[in-house]
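Chain naming follows the written order as A, B, C and D, and within any one chain the residues start at number 1.
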Amino acid sequence: MMLVLLITVLMAGAVVAVLAGEWNRNFPRWIALVACVIGLLLVITLWAGTGHSVADSQWLMDYRKEWIPSFGITFHLAVDGLSLLLLALTFFLGVLAVLCSWDEIRERTGFYYFNLLWILAGVAGVFMAMDLFLFYFFWEVMLIPMYFLIGIWGSENRVYAAYKFFIFTQASGLLMFLAILGLYFIHGRDTGTYTFGYFELVNTVIPFKTAFWLMSGFMIAFAVKLPVFPFHTWLPDAHGEAPTAGSLILAGLLLKTGAYGMLRFVVPLFPEAVKEMAVPAMVLGVVGVIYGAVMAYSQTDLKRLVAFTSVSHMGFVITGIFALNELALQGVVMQLVTHALSTGALFLMAGMIKERLHTRDIEQMGGLWSPMPRMGSVGLVFAMASLGLPGLGNFVAEFLILLGVFQAQAWITVAAASGLIFSAVYSLRIVGKIFLGPRKTMETVPDFSPREMLIMAALTVSVVWLGLFPQPVIDTAKPAITELVRFMDVQNTASHDQSYVK
Amino acid sequence: MLMDKYLWLIPALPLGGFFILALIGKNMSRTWVATVGAGSICLSALVTFVVGGAFLSGMPENTVYTQTLWTWFEVGEFSAKITLSLDVLSLVFVFVITFIGALIHIYSTAFMEADRDYARFFASMNLFVFSMLVLVLADNLLLMYLGWEGVGLCSYLLIGFWYEQPTNGNAARKAFTVTRIGDAAMAIGLFMVFQQAGTLVVSDIGANASVIWQPNSATVTITALLLLAGGLGKSAQLPLQTWLPDAMAGPSPVSALIHAATMVTAGVYLVARMHTIFALSETARLVVAIIGAATLLLAGLTALTQYDIKRVLAYSTISQIGYMFLALGVGAWTAAVFHFMIHAFFKALLFLAAGAIIESLHHEHNMFKMGGLKDKMPVVFWTFLAGAISLAAVPLISAGFYSKDQILWYSWSADGGSPVLWAVALAGALITATYTTRMMILTFWGESHTHIGHLPGKRMTVPLVVLAVFSVFAGFIELPHNFGHFTLFSDFLHPVLPETAMQENIPSEWLFQLLAALATLGGIFLGYYYYYQQPARIASLRQNGLLVRLYRFWFSGWAFDALYDRMLVRPFVFIARINKSDITDKLYTGISGMTGEMYKLLSRTQSGSLRWYIMGLVVGAILILGIQIML
Amino acid sequence: MEIAFYIAGAVAIVATLMVITRHNPVHALLYLNVSLLAHAMLFYLLGASFAALLEIIIYAGAIMVLFIFVVMLLNLGKETAEQERKWLKLKVWAGPTMLAAILFAEFLALVLSSRQSTYSPAVVSPREVAVSLFREYLIGVELAAMLLMAAVVGAAHIGRHKKLVLHRFLKEEKEREEEKQEEMVL
Amino acid sequence: MKTSVSAEVVVLLAGLLFALGIVGVIIRKNIVFMLLSVEIMLNASGLAFVAAGSRWGQPDGQVMFVFILAMAAAEVSIGLALILQIYHQHKSLDIDNLKEMNG
């Protein structure tokens, strides 16, 4: 029931916000804040309450109700450690997103917070849905409000960006839906029970060729969302044009749904095809790491720059997922969390700078350390996080991923490690161009306001905490990850036996 | 009394200082900033003395103080703990870091007095000391990597301390990026170590190295070389040496602490720490020795040509670290660490003294514009002289002689040594003496060219004097075998570092010492002859086109910068520039463009002419019927 | 009796050809009437006497009268014929005729490729037609009735004399054009 | 009145008439003539229906013809009304003048 509450609190908050917005411009933000905080508290109690039993079984909570029985569709939500982490992230970033839009959004606030909360609800649903139809439903739920968010409250080129975002995700989402239907019918034909339930479909035996095509359907949707190298081009536009909170949620949450989908659906549903595709996928990941980093270096628009660093970091994620061992997968989970924090913080910073200087062009910045030492320090921390400085969360993530990948494919690690160098190049460029060097503008720029300081302090503390004490996160995700690895091993031996029999 | 539970205080004190200064430093008075900044390091040094004293006094063989603070992270069979461990090797490093660090901090309280960002300076310095201490106290390679990257960050922050000048920022970026290349290789090295040893704990690796790896196998060589790459980056050895001279853009105390005494020797520490792996691979050791020898020669020749006093010192640092690598390569582990310690004393001294001079001369770096400071700044002169004789390794009376002589001797006689390495090292000694003399003469003798501002105060001179004393006398704790055979330092290190294996049938040590002394004195004479007695000869040398070209080549640091710029930086920037708008996006804009074109094409058929539509119908019918006929 | 069929067919073709080539609308209409009568003959020969009657009464009678009314109403006389003569050039009709010829050739090929068979057309009496019409096709008849109703109302509505009414977009466009012209004049 | 013709011949006749109707529609610029040609095409298809009905001795062919007839009547009445309107508004029956609906 709590899981349903998590979603309904957001959806209800959204509706109330849009109604209250008719009345007073300032009500919606308070309502949104309250809704997100309630959600965050719920997740925290959930986490605290199940903290001890985490190690025992993978699934912590389960809610199931018939939805459209004639098609075998159930309203099935469940949470394991992985989902729990991402849910916590969702609500944490949700609170921050509300806080950072506090003064930025002045027009149509009701509808704005409606969209914001609706996206969060969609994301939360995606992280919990255990019915493929329901999953697809939430997948689309988060898409449309995001389209509005970019298209209405974005900056100059917002319509183009919104369309691009919509078309990329929608088209790839349709492919996924086709794959879901394919899976549904294959399962139905084989067993006689037509169902969209995740736990039933996991056991579907699919011939390899079909599995490959179905997996491609899923993979393309997730790869676009993640984004994986050739599908990344919507990201810089969408990130660049979205309002600050939109960028934060895009980078922090929407990208994570892609990785979550791969971990939750692609790998367990199509183990053999995944194994077959592991090396090409990892290569794509590495290409993304390097390409994203080089692209990030060349950008002059701060938000686009940060967007490309996301491409680079998400390259690590897909590389890690397809390494298919515990080290790499734990690294992936860490990367999801820490990337959300570090990149989110960089986007927030870009938004704050834009509020002050009215530009995103880093060529017009420079020497901002002296008027804004606090922002400088925080910016430095997150630039360092994004280049993987030990002691900050991203290092743990990237180290584990690379260590895991090294066990699987040593050469890929060598190539990916070059990403460490490139990430240093672009991160230092960010710091150098914005904070160091001579001042370019003589406007007075105020340092952090208390609200901004609160946001940034929360993020900084989190990222340092994750860098030094990542064990709670690792332990929480552990049952899910070990289960996944065990599953793959079982599949491995099974398929091995099969081939031996043949 | 077992003092290991206080071990954590050594790095924690600087870290505490960093936090105080970083969070509230802006609002603190200068006195308080100085007190916290320098005080934390002094306290840390004090704790080091206490803990180290306890460690030494109660030391049974092979004792190691370890203290596990918490588990960093644990995944599957991989486990990394935040564990500090103090053994004799790390004790030497901790001693140097905290002791010299404390002196430099005291010096800085006066040196940086006028600076706007007093608190930021000390915060960064404290963070640096913390990271460096973590680096040397780490019991596993991952924690060491944390310190390793931490010092890189602080080096970046401090090189770019005066950030408003773009060149400083660029130098900082270059330093970080170049060392990062080594670090990336080192990270891969860590992965290899973990894959083969299943652990990153140094002592476990050391204990099982011979079980894990076949001697001289390809894997152990590759592992060693990858780790070495990290060391090369940090220690500014060939081919990653280009960042260090530019790093002189930072304040002089920074150069003294980070880019002379401590951080740049992290590579030496790493190789010494992982000597078990290096011992298993002859190839790797040969590579270390060759890189060391090549670097010392190259950097020495470059130092001969520089006019910026700090750049001379920077190249001499590279060169001296080259000696350390040479020693490590031939298997003379203790000699390398000994030279590290002595070098830390005299090079910190030289940098601090140079800083004092530069400060007094209104930020004049050019030695040719100095001169005649002998009488005007006596304290600085005498202390600088002490450092210089140590650097030049003047026989018997300087600490540098004892440490460098050992390396020269081992470079022939040790197991991995060879006459060629020795010859290179000897040539290096000659060059060192020459450029040291040149620097001394240009700075302190001759006519004064620049007006002197204020003279350094007590807080600056006292550290200079202390370091000068150490630069002269610290060498006596380790005397050559042939006179005295007083080997306190190497005995001290033997629990961790093995004795140097020697070749058989080698010539007498006396001969080597004589030759080394002659080289030094010859170098001094050369410098004296050309720069003091016959300065006109320099001008005549300038006429020679070949020499001028050679001079330019050496002056540019053997054109490495230009080479890397051509080969790496420019192609990278070029690719980044031309692809700014993302070529893959063309794929998608291409699709949408094609759709648009097709739309235009089709909308042209929507002409509004009824007859045209009917023609379309007819053609369609023709096609359909045609298809039916075909089938 | 085949001869009657072929004659009627030939008349229909020739009359139709004349319809599409005449310049004067009234002539064309008259030829069309002839063609329709030939059709009626064909229907009769095919045993569909009811259809033949309807063809004569409704088509040749009612519909053609409508046409003639309109032609008269619009006063399409000599000028129209002149205009038609100008329009009907070789290059205008050659292409479409080729296309139609190709279409017909394809049709021919398709029809002739099937088995040739002669048959005697069965006589289908009006009674059978009526029974079928009001039993199986009752819905169709109702729909046809509605269609005719709608056509009557529509024709009455459209045929009213109105002022020039433009769609609002076209109107704005026109206004803009006028403004532009005014500007140019100024 | 018994004829025995091959079904093909009748269908071909219908096809020929239909083709002529098409030609008429395409080559004429005057709407009145186009409407006439449309009538020809309708009749041709009616002929095909009737022929088919008589071939199988079924009334359906003629039923279809009746429907075609009804449709033709409706079409002609609307069409002629439109022609009147067009003529009033444009003072011309040239179809090429009525290109307002281009895309």
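By definition in this document, a residue touches a chain if its C-beta (ideal position, glycine included) is under 8 Å from a C-beta of that chain, and two chains touch if they have at least 3 such contacts.
Being a predicted model, the structure only gives us computed values, none of them experimental.
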Partner chains that chain B and chain C have in common: D
Chain pair showing more contacts of the two, B-D and A-B: A-B
Inter-chain centre distance, chain B versus chain D - centres from mean C-alpha coordinates, in Å: 95
Between chain B and chain A, distance of the C-alpha-averaged centres to the nearest whole Å: 38
Whole-Å gap between the CA centroids of chain C and chain D: 4
Inter-chain centre distance, chain A versus chain C - centres from mean C-alpha coordinates, in Å: 66
Residues of chain C touching at least two other chains: 96, 99-100, 103, 107
Chain D, residues touching no fewer than two other chains: 22, 26, 29, 100
Set of all touching chain pairs, with the criterion as stated earlier: A-B, B-C, B-D, C-D
List of chain C residues in touch with chain D within their complex: 1-2, 4-5, 9, 12-13, 16-17, 19-20, 25, 28-29, 32, 35-36, 39, 42-48, 50-51, 54-55, 58-59, 62-63, 66-67, 69-71, 73-74, 76, 80, 83-84, 87-88, 92-93, 96-97, 99-101, 103-104, 107-108, 111-112, 114, 116-124, 128-129, 131-133, 137, 140, 144, 147-148, 150-152, 154-156, 158-159, 161-162, 164, 170
Chain B residues within the chain D interface of the complex: 603, 605-611, 614-615, 618
Parts of chain B lying in touch with chain A, wherever the complex brings them together: 22, 26, 70-76, 78, 82, 120, 142, 145-146, 148-150, 153, 156-157, 160, 163-166, 168-170, 172-173, 176-177, 180-181, 183-185, 187-188, 190-192, 194-195, 572-573, 575-577, 579-580, 582, 584-585, 587-588
Chain D residues within the chain C interface of the complex: 1-13, 15-17, 19-24, 26-30, 32-33, 35-37, 39-40, 43, 46-47, 50-51, 53-63, 65-67, 69-78, 80-85, 87-89, 93, 100
Chain B - residues contacting chain C, complex: 615, 618-619, 621-622, 625-626, 628-629
